[in-house]
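Attaching a single structure in structure tokens format; questions to follow.
Read from first to last, the chains carry the letters A, B, C and D; within each, the first residue is number 1.
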Amino acid sequence: MGIDVFEIGVNFVKMIAIFLMMVQIVPLLVWVERRGSAYIQNRLGPNRVGPLGLMQLAADAVKFLTKEEFVPKRGYPFLFYAAPVVAMVPAALAFGAIPLSSPVMVEAFEWMGQHWGPYSFKFQGYEIGIGIVFVLGVSSLAAYGVLLAGYGSANKYALYGALRASAQTISYELAMGLSIVGVILLFNSFNFAEIVGAQSAPMNFMLFGKKVELAFLPNWGIFYQPLGAVLLFSAMFAEANRLPFDLPEAEGELVAGYHTEYSGFKFNMFFIGEYGHMLVASALMVTFFFGGYTLWPWLTPETVAKWFTGMSLTQTSLLTALVLHGVFLAKVVLFLWIFIWVRWTLPRFRYDQLMDLGWRTMLPWALFNTILTAVVILIMRHPWGA
Amino acid sequence: MLDTEALMRIGLGHYIALSGIIFSFGMIAVMMRKNVIVMLMGVELMLNAVNLSFVAFAKEAGNLNGHIMVFFVMTIAAAEAGVGLALAVAIYKKFHEVNIRFFEQLKG
Amino acid sequence: MMMEAIAFYMLAGFLIFFSYKVISVPNPLHSALYLVLTMLGLASAFFNLGAQFIAGVQVIVYAGAVMVLFVMVLMLFDLKTEIRSFSRGLISGALKVMSAALIAGLALGGARSSVTVLDAPAGAAVPGDVTRQLGILLYTKYLFAFEILGILLLAVAVGVVAVSRMKGGTHARH
Amino acid sequence: MSQLLPVLILAIFIITFGCAMMLVSSLISIKAKKPDPVKDETYECGIPSDNSGDTKISIKFYLTAILFILFDIEIIFMYPWAMTYGDFIAAGYGVYSFCVMAFFLAVFIFGLFWEVKSKALEWE
């Protein structure tokens, strides 16, 4: 199957569209966060500009772009400018590797006097065979944006904030990596598409070597890995530097952490990075534990296609993909809301409590989860009697 | 001597040449830089160059022994970097010096 | 074929440029950042050679862990600039000439071998799922080395704590 | 190659996007009327900034980073095992595969336990 101009073009546009979607979600999330926090604290929140204060987003964008530029005299200009860009890259690259919906089939058609063969486009930025390892690797680069910001601004608060942030990120990366081992044990794959595929069936598992099927439940990871899900979600909070783990920007102690010296659009880019991490975290939670873009055992691409008989394959698969993408987004939004909800509910940890939690509580629990999963899987899947 | 056809056909030799060049850079860093931490980086660079040749050989040979070896080399390299930096930092804490010439005169 | 060659030469150019920068810039922090870029380039070279899992590990372990440690140490001690980054003198001059000759020799030798030794382009591809086979190989044929590495890592962890605890170490009790 | 090319293109696009936005922002942003040396100072809550460059930072960060590397590698070693565990079980070698990792995990847990016991992970 050769690759032609049409396919390259669609893939390119798709990738850029996914990135721009991520960038566009940020102001919306900021609005949700401000209105949501106001709702939680019995306030009104931004409600002056436009209906429901929605035009506040545009006003913020204008302000970000026109704010006076500031570069600390004593800093390192190149590192200072590079840091926000570097902070934006990991989340976007990781988000591109997560499947967002079922593939879109395009039938062969004639266009501009040429014959264009049938295509199958994945509803994701790009497909990497070793998806989980890729996402882990890319998100481990997130420490650099923070470190460069802290060093480049030559400010002691920024430096402290950067060191705290990176130490916290790497500490929780251990718990994160280890809680994913349970997921890999369950699905025996690094590939997101395979993981989602395994979860789309009705619940089925091996009980002492015999196959058991429960048709009324979906085969979601959360039923097998509840502890892993909790650990992964908590570690993701720390990875995204969100409350209750937002020590790097603890206002009382460190002014604004590593972005003390940043303003205007450069600050906004750190924001995009942080919210991008939230988005990736939610998408990963959904993909690992909540069935990805599938909704329920009976709602598969095939069944959706049955509702729309009389349409071409292109139209049905596109419709299916859009419906399932809506399902995926609904699940992701739920997790994003939990992120915001937790931020306005829990107080901040102290730094020693944070490190204790990471190293001495979550790491042992993640180890326990791995061993438990391995033992249970061994007992259940072992071909007894065979 | 070199015809363009051979240059255009990327084979094992190209990867070995690349690996050799990176290795030499690492070796130069170890031999000639004075900062201990940069020297450690040179060691990492050399190990990485060797890893590249391992992977290239593994592809040529069609089996995965090279990949396993790379895995092990990475582990050892990380451990080496950890211990090396711990020593460098311990000395820096005591004498405020990272120059390798200074380390030569240390006595137990 | 042509695309592959162009991709390789671009990658090789970047790798050589970055690794040259690692050893030539005076500020150690910049060296470390260039080294990060070199490692990312090497990871993509591994990926192109079919070692996908190894490429991922390269990014996680080297770029995401080891180099973070280097950058953190350089920031902690604020080792900004060396005025003279290279040592001078007769011996080091001779070393410089020797290394230049070595690079030229290695590059030429590699290029020559690509003409003479290799007939087919590298590509006796490993069949099937590389990562799965790697796992099976690691836990059967190389089991002993694997377990020994676990113990080695434990020893290093203990050693690092001991070094930082010793007199003058980073975590010495005052 | 074809798998990694989109990643590279996306990375380049993001970097271009970031640089372009910074450029636009610096072109249309409000400029200061006259240079102000005090404004360019490093921010330090209003007191005259301390430029001695001698910042004291807890070295705890450093030991954390080293221990992170070591544990990170051990966790990476579990990934291929987790992936092939099902194959080993299906082939009837499940107990073997489990024992392999049990020994490795025992070393891991001993290491973690030792670090906790020796108070290397303590932040006061």
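Note that in this section a residue touches a chain if its C-beta (ideal position, glycine included) is under 8 Å from a C-beta of that chain, and two chains touch if they have at least 3 such contacts.
Predicted, not measured: the structure shown is a model, and the values here were computed from it.
With centres taken as mean CA coordinates, the chain nearest to the overall protein centre is D.
Two chain pairs, B-D and B-C, are weighed by contacting C-beta pairs, with B-C ahead.
Centres computed as Cα averages put chain B at a distance of 22 Å from chain D. With each centre defined as the average position of its C-alpha atoms, the distance from chain B to chain C rounds to 5 Å. Separating the CA-averaged centres of chain C and chain D is a span of 18 Å. With centres set at the average Cα position, the gap from chain A to chain B is 34 Å.
In chain C, the positions touching at least two other chains are 4, 53, 57, 60-61, 64-66, 68-69, 72-73, 76, 131, 134, 138, 149, 153, 156, 160, 164, 170. Multi-chain contact residues, meaning those touching two or more other chains, occur in chain D at positions 3, 55, 57, 59-62, 65-66, 68-73, 76-77, 79, 83-84, 87, 108, 115. Counting partners per residue, chain A has 128-129, 133, 159, 163, 166-167, 170, 173, 190 as the residues that reach two or more other chains. Shown are all chain pairs that touch, namely A-C, A-D, B-C, B-D, C-D. By the touch criterion given at the top, residues 29, 33, 36, 43, 52-53, 56-57, 59-60, 63-65, 68, 71-72, 75-76, 131 of chain C touch chain A in their complex. For chain C in complex with chain B, the residues that touch the partner chain are 1-2, 4-5, 8, 12, 15-16, 19-20, 22-23, 28, 31-32, 35, 38-39, 42, 45-46, 49-51, 53-54, 57-58, 61-62, 65-66, 69-70, 73-74, 77, 79, 82, 84-87, 92, 95-96, 99, 102-103, 106-107, 109-115, 117-118, 120-126, 130, 133-134, 137-138, 142, 145, 149, 152-153, 156, 159-160, 163-164, 166, 168-170, 172. By the touch criterion stated above, chain A contacts chain D in their complex at residues 3, 11-12, 15-16, 19, 64-75, 81, 84-85, 88-89, 92-93, 96, 125-129, 133, 153-157, 159-160, 163-164, 166-167, 170-171, 173-174, 177-178, 181, 184-185, 188-190, 255, 260-261, 264-266, 269, 351-352, 355-356, 359-360, 363-364, 367, 370-371, 374-375, 377-378, 381-383.
Touching chain D in their complex are the following residues of chain C: 3-4, 7, 44, 47-48, 53, 57, 60-61, 64-66, 68-69, 72-73, 76, 78, 131-132, 134-136, 138-139, 143, 146-147, 149-151, 153-154, 156-158, 160-161, 164, 170-171. Put simply, chain A touches chain C in their complex at residues 128-130, 133-134, 136-138, 140-141, 143-144, 147-148, 150-151, 159, 162-163, 166-167, 170, 173, 190.
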